[in-house]
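What follows is subunit A paired twice: with subunit B in the first complex and subunit C in the second.
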Partner chain A sequence: MEKVLLKKALPQWVKKLESYTIYSPQEEGDFWNYEVIKNAEIIDLDYLNTVLSPKKIIFPQREVLFEFSTSNEDELKVKEILPEERPAVIFGVRPCDGKALTLTDKVFGGDFKDPYYWKRRNSTTLVGLTCNTPPSSNCFCLSVDGSPHSKEGLDILMTDLGDKYYAESFTKKGDELLNSAKALFKSPTAKDKKDLEKIKAESKKKIKRQIKATEKIPAKLKDMFASPFWDDESLSCIRCGICTYLCPTCHCFDMNDEVTSSSPIKGERVRTWDNCQFPDFTMHSSGHNPRPDKASRLRQRILHKFQYFVELYKNYQCIGCGRCISKCPVGIDIIEVLEKARDYGS
Partner chain B sequence: MVNLEELKKEASQILKEGKVKYIIGLQSSSNGLLPVPAFIKNPEDVEKLVWNPACVYNLTLFLRDEKRRKAKEKEPDEKPVGIIVKGCDSRAINVLLQEEFIKRDDVYILGISCENTGVLDEKKLAKKLKGKKAEKVEFGEKDDFVITTEDGKIKIAAQEVLSERCLECKAHFPVIYDVLIGEKTKRNIENPFKSLERIESLPPEERWKFWKEQIDKCIRCYACRSVCPMCYCDECVVDTISFVVTPDTPAEEKAQKIKWLEKSPVSSENFVYHFVRAIHLTGRCIDCGECERVCPLDIPIRFLNKKLEKEAKELFDYEAGFDPDQPSLVSSFKDEDPEDFIR
Partner chain C sequence: MDHNTYIPKLAKIIEIKEEVGGARPIKTFRTQFLNVNDFSFRSGQCAMLSVFGRGESMISISSSPLMKDYLQFSILKMGRVTSSLHEMQVGDVIGIRGPYGNSFPVEDWKGKNIIFIGGGIGLAPIWSVLNTALGKKGDYRDLMLIYGARTSKDLVFKEELEELKKKMPVHLSIDVEEPEWKEFVGFVPQNVTDKNPSPKNAIAVTCGPPIMIKFVIKALEELGFKDEQIYTTVENKMKCGIGKCGRCNIGFHYVCKDGPVYSWAELKKLPQEY
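After this line comes the complex of A and B, so read on.
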C-alpha cells in the first residue's frame, strides 16, 4: 500500500493510534533516544541517529524470564514471566536499524524461537524513515548490503518529500496502521512518485563512508585468527563496552538469578545484555578464559560480525550505522580495521 | 604557543638514544576531529605526532597496559616508556607514583603546558558551528583556537569552547616531567568548583531527582571506568573473574560469594556502581574529565568526583597529584582532622 500524508497531519495520525504504545526519537540534551511518547504533538522526525537503536525495545537490556520462590514446605515454585502483549509502534526507525532486527530475528528465531523476543517483535510495528541525508557522518550502510531507503525489517517506510511524507507499507501490520486514519492519507500523485524516486536515488549518493570490497573480507578473516594483527589493532582499545552495547546487531546475553529474599527464597531469573569486550564474558567455570586479553576480544567482535555470522546466516552482522565508530572513546574505526584486515599481508 | 616541532625533536632524540622503549602520544585520525593514540617505536614515526586542542586524551591510562604486558614477560625490557602529558595527566602520574603502581624510572615524561588554553569540548564547538563540520582545530596566537571548516578558517576564543574541566583547571602545566614544552604561564582560576554550584544549590529532593534521572540512563558500558587511569584494579567489583567454580564447589561456598551488584541496569545497581567508583576515586581523581567525555549517554560523572575533590580540599586540605610523596588521603590522618561526624 502506498499513501501520502501531509507533514502537519502526523500528530493527528499518532493520536488515532491510542491503542498502541508509541515510541519515537526524543532529544535528550545533546543526543537522541527512543522514548515512549504520551503526547502526539511532540513527535519529531527531524532527528539524528539515536544513541541506542530500537533493539533496546525489542530486546531490552534487562528482562525477567521467570520468578522463583520456595514456600514453607520447601516446595519450589517457578512462574514464567512473558512480556505483555501490548501492541507498540516505533516511529522514525532508520532503515539500517530496521535491517538489524532481521539479523537478530535469525538469532532468536532458529530451532528455538525465543518467546520473549518474539512476543515483542510480533506486537511491534516499525515505521521507518528514509535517510534523505545520512544521520551520522560515519554511516556506511551501502558497504554492508544496506541502503538509506531499505525496507528490510520495516512495516512502513516513510520518505520526507518536503511538506509531506510518502508512506509505503509492506506488511499487514503496516496496512492496519495506515487504515487506522484513512481520512488523513491520500493516494500518491505521479509527481509524488517521481519525487520519491529522486530522493531515494540521491540519498545513496550522500553516504560518504564505505568499505571497499567487503565481500573479500570474510574469507580473509578466516586465516587471520592467530595473526598478530589483532595485537596491533587493539593497542589503543580501553576494553569498554560501548561498541557492542550500542550495536543494533549485537545480541549476546547473560542470565543471572537476582535473589530478593533469602528466607524464604524468592527471586527472579534475569536476562541482561552481555558484552564480548568484558573480562568475564564466557569465562569458564574452571577459571579458563577463552578470550583473556583485549586483542582476542577485538578479534571476537570483528570475526563474529564478518566471519562467523556470514558462515551461519549468509549476512554480515553489521548494518553500517557507524555508532561504534562515532562513540569509541579512542577512535577505533571498524571500517579501517576491516580494510586493513582485507589488505593484511598482501 | 606550544611548538610541535620541539615535541617531535625531543621524541625523536629519546628514541634514537634508546632512552625509551616507545612513546605514547597522539596521531591524527583518518576520520573525525579527535586524534587517536599512537605508540611510536621508530624515530622516523615521530612525524606522525600531533598536538592541538583536540588532544583531549589522558594517555596515562595506557601505563596500565604496559604494566600488565611487562608482568607477563619473562625478561621484560626495563627501559622507561615515553609519555606525552598535559598538566592534569601529569597529576595522574603523581598519584600512580604515590600509590606505587609505577616507579619514576618506568616513565620518561614529555610534559606539555596548556598555557592559557586547554582542550576542546567537541559538543560546545558543534553548537558554535551550527551544523558546519570542523575539519581541523589548531592553537591560535592569542589564546584562541583556529577552526578549519569547509567554508575556511575561523577563530574562536578558547574560553568559549574549552572543556569544563579546563575552565576549572588547577594544573595547566605539568607538575612532574623530564622535558617541558611550552611555558609555565600564570593563570588565575577564581573558583575551581564553580560548576558544582548548579547542583549544590538544589534542595536535596531535587538533587536526588537530578541524580536519579542521570544514573538511570547508565547502560553500564563501563567506559568511565575503562578510560580512567586510576581504575587499574586487576579485578573490578563489577566483573568478578577470580571466583572459580568447579563441579566440586559446594553450594555453601557459592552462596558465600559476595555479589556486590547485579548486572541489571536498574537504579539501585547503577547507583552502587557509580558510588563505588566515586568513593574509590576520592583523593585520587585529578579531574582529567575523561569519564564524562566518553560517556555515550552524557551522564555528568565528573560532578561526582569533583564534589569529593571539594570535600577533600575543604575538610582535609588535600589535593591529589601534586606531590608523589604525600601520604594518601584515605590511609592517613592528622590530629586536627575534623571529627564532627563522630557523635
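After this line comes the complex of A and C, so read on.
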C-alpha cells in the first residue's frame, strides 16, 4: 500500500493511534532517544539518529524474566513475567536499525524461541524513515548489504518529500496503521512517485564511507584467528564496551537474581545486556578465561560480526550505522579494522 | 507462545553425598522434580541448576537416562552458585531447566570397545554415558575405565568404583605416592599409555581438566587412535543455555547448544579458544 501524508497532519495520525503505545525519537539534552510519546503534537521526525536503536524497546536493557518467592507455607513459587500485550508503534526508525531487528530475529528465533523478545517484536509496528541525508558521517550501510531506504524489518517506510511524507506499507501491520486514519492519507500522484525515486537515488550517493570488497572479508578473517593483527588493533582499547552497548545487532545478555528479601527468599531473575568486551564475560569460576585479553575480545567482536554470523546465517551482523565508530573514545574504527584485515599480509 | 525455557522447574534434593572434602570439595546431589516427570535427556547433556536468589550454573547430568527416578549432579564447589549448592540440605528446593546441548553418540558406538578416561570431577559426565553403556552391555564389546585424581581423597564415586570393578576393568591412579595405594601412581595420560588400550574397533571418551585432556589425546594418538575415535566434552561460562547470550561460543559453535560433546576431529576444526 502506498499513500502520502501532509507533514502537518502527522500529529493527527498519531492521535488516531490511541490503542497503541507510541514511541518516537525525542531530544534529551545532547541526544535523541526513543521514548513513549506523551503528546502527539510533539512528534518530530526532523532528527539525525538516536543514540540507542529501537532494539532497546524490543530487547530492553533490563527486564524481569520471572519472580520467585517463598510463601508462609515454606513453598517456593516461580511466576513468569511476560511483557504486556499492548501493541506498540515505533516512529522514525532508520532503515539500518529496522534491518538490525531482522538479524536479532535470527538469534532470538531458531530452536528455542525467546518468548520475551517475540512478544514485543510481534506486537510492535515499525515505521521507518528514509535517510534523505546520512544521519551520521560514519554511515556505511551500502557496504553491508543495506541501503538508506531499505525496507527490511520495517512495516512502513516514510520518505520526506518536503511538505509531505510518502508512506509505503509492506505488511499487514503497516496497512492497519495507514487504514486507521484513512481521511488523512491521499493516493500518491505521478509527481510524488517521481520525487520519491529521485530522493531514494540521491540518498545513496550521499553516503561517504564504505568498506571495499566486504565479501572478501569473512574468508580472510577465518585465516587470521591466530594473527598478531588483533594485538595491534586492540592496543588502544580501554574495554569500555560502548561499541557493543550501542550496537543495534549485539544481543549478548547476562542473567542474574536480584533479591528483595532474603528470609523468606523473594526476588526476580533479571536479564540485562552484557558485553563481550568485558573480561569477566567469559571468565570461568576457576579463573580460566578463554578470552583473556583485549586482543581476543576485539577479535571476538569482529569475527562474530563478519565471520561467525555469516557462517551461521549468511548475513553480516552489522548494519553500517556507524555508532561504534562515532562513540568509541579511542577512535577504533570498524571500517579501518576490516579494511586492514582484508589487506593484511598481501 | 512456545514453551518458556527460561523458567526453571522445581526439584527437591533427595540425597546429598560428600564425595571429596578439603579445599576443593565435591558433593553429589540427587534430585526429584516436584511436578514434572517428562524430563528426558541423553548422556552428555547438561542442565541449568538454579539456587533462587543466587543464580544459575550449568552442570552435566551424571546419572544415566536409564535411571528414571532421579537426576544426579556431582558438583565441585567453585563459584557463587556451586558454593550455595554445597550449603543446601536434603529437602531443599532448587530449579532445573534443560536438558541442553548434544550428547555422546552412543548409538553409533554399538559393537565397539569403549575406553572411558577421566580426571577429577571429569568423571561426572563420563559416569552417565558409562552407565548407559553398562546398562546395555550387549550393545557394546569391552568397556574399560581409566580414572585418576590428585590424591586418593580426590577420587569421586569411591564406593561405586569398587562395585564397578566387578563388572568391568577399572584402572585408577593418583598423582603422587601414598602408603596404602596399590594402583598406578602418575598422571592419567601416563596411565593411558601404561594400560595400552587397542585402538582397534574402539572409541575413547575423555573428560577432565583441559591440561589432562590435551595429554590424554596425545597419548591416545601415540597408541594409534584416530581423531574420529576420540570424544571429549568442552565447558565454557554459560548463562542462557540456548545459544543466545553469546559467551560460550567457540567460533560459530555455541557449546551450550552445539556441544558440549565433540569428537577430536570436530574440535580440531574450531578456533583454539576454550
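Just so we're on the same page, the second predicted complex is superposed on the first by the 344 of 346 C-alpha atoms of A that agree within 3 Å, B and C clash if a C-alpha of one lies under 4 Å from a C-alpha of the other, contacts with A are read in each partner's own complex, and residues count from 1 in each chain.
To be clear about the criterion, a residue touches a chain if its C-beta (ideal position, glycine included) is under 8 Å from a C-beta of that chain, and two chains touch if they have at least 3 such contacts.
In this text, all values refer to a predicted model and were calculated from it rather than measured experimentally.
Enquirer: Superposed on subunit A, are subunit B and subunit C clashing or fitting side by side?
Expert: clash
Enquirer: Touching A:G110, do we find subunit B (first), subunit C (second), both, or neither?
Expert: In the superposed model, A:G110 contacts subunit C only, not subunit B.
Enquirer: Touch check for A:S296: first (subunit B), second (subunit C), both, or neither?
Expert: After superposing on A, A:S296 lies in contact with subunit C but is clear of subunit B.
Enquirer: Does subunit B (first) or subunit C (second) touch A:P329, or do both, or does neither?
Expert: Once the two structures are laid over each other on A, A:P329 reaches subunit B alone.
Enquirer: Quick one: is A:R239 in contact with subunit B, with subunit C, with both, or with neither? Answer first, second, both or neither.
Expert: After superposing on A, A:R239 lies in contact with subunit B but is clear of subunit C.
Enquirer: For A:H251, select first, second, both or neither according to whether it touches subunit B, subunit C, the two together, or no partner.
Expert: second
Enquirer: Could you tell me if A:S71 is touching subunit B, subunit C, both of them or neither one (first, second, both, neither)?
Expert: A:S71 contacts neither subunit B nor subunit C.
Enquirer: Just to be sure I read the superposition right, which of the two partners does A:G29 touch: subunit B = first, subunit C = second, or both, or neither?
Expert: After superposing on A, A:G29 lies in contact with subunit B but is clear of subunit C.
Enquirer: Could you look at A:S286 and tell me whether it touches subunit B, subunit C, both or neither (first, second, both, neither)?
Expert: So A:S286 meets both subunit B and subunit C here.
Enquirer: By the touch definition at the top of the document, which applies to A:T133: first (subunit B), second (subunit C), both, or neither?
Expert: Neither partner.
Enquirer: To test your reading of the overlay: subunit B has the stretches 168-176, 204-212, 240-248 or 312-320, and exactly one clashes with subunit C. Name it.
Expert: 240-248
Enquirer: Using the superposition on A, tell me which residues of subunit A are in contact with subunit B and, in the other complex, with subunit C.
Expert: The overlap between the subunit B and subunit C interfaces on subunit A comprises residues 254, 256, 283, 285-286.
Enquirer: Flag every residue of subunit B that touches subunit A in the complex, lowest number first.
Expert: 29-32, 34-37, 39, 57, 61-62, 65, 123, 133, 217, 219-223, 225-227, 235, 239-241, 244-246, 262-266, 290, 293-294, 296-298
Enquirer: For the complex, give me every residue of subunit C touching subunit A.
Expert: The touching residues are 1-2, 4-8, 10, 50, 52-56, 78-80, 82, 93, 95, 210, 235-237, 239-240, 242-252, 257, 271-274.
Enquirer: So in the complex, which bits of subunit A are touching subunit C?
Expert: Per the stated touch rule, the residues are 65-66, 68, 76, 78, 80, 82, 107-108, 110-116, 118-119, 225-226, 251-257, 259, 262, 265, 267, 269, 274, 276, 281-286, 288, 290-291, 296, 300, 303-304, 307-309, 311-312.
Enquirer: Quick check: in the complex, which residue numbers of subunit A touch subunit B?
Expert: Subunit A reaches subunit B through residues 28-31, 51-52, 61-62, 137-138, 209, 235-236, 238-242, 245-246, 254, 256, 258, 270, 272, 275, 278-280, 283, 285-287, 289, 325, 327, 329-333, 335-336.
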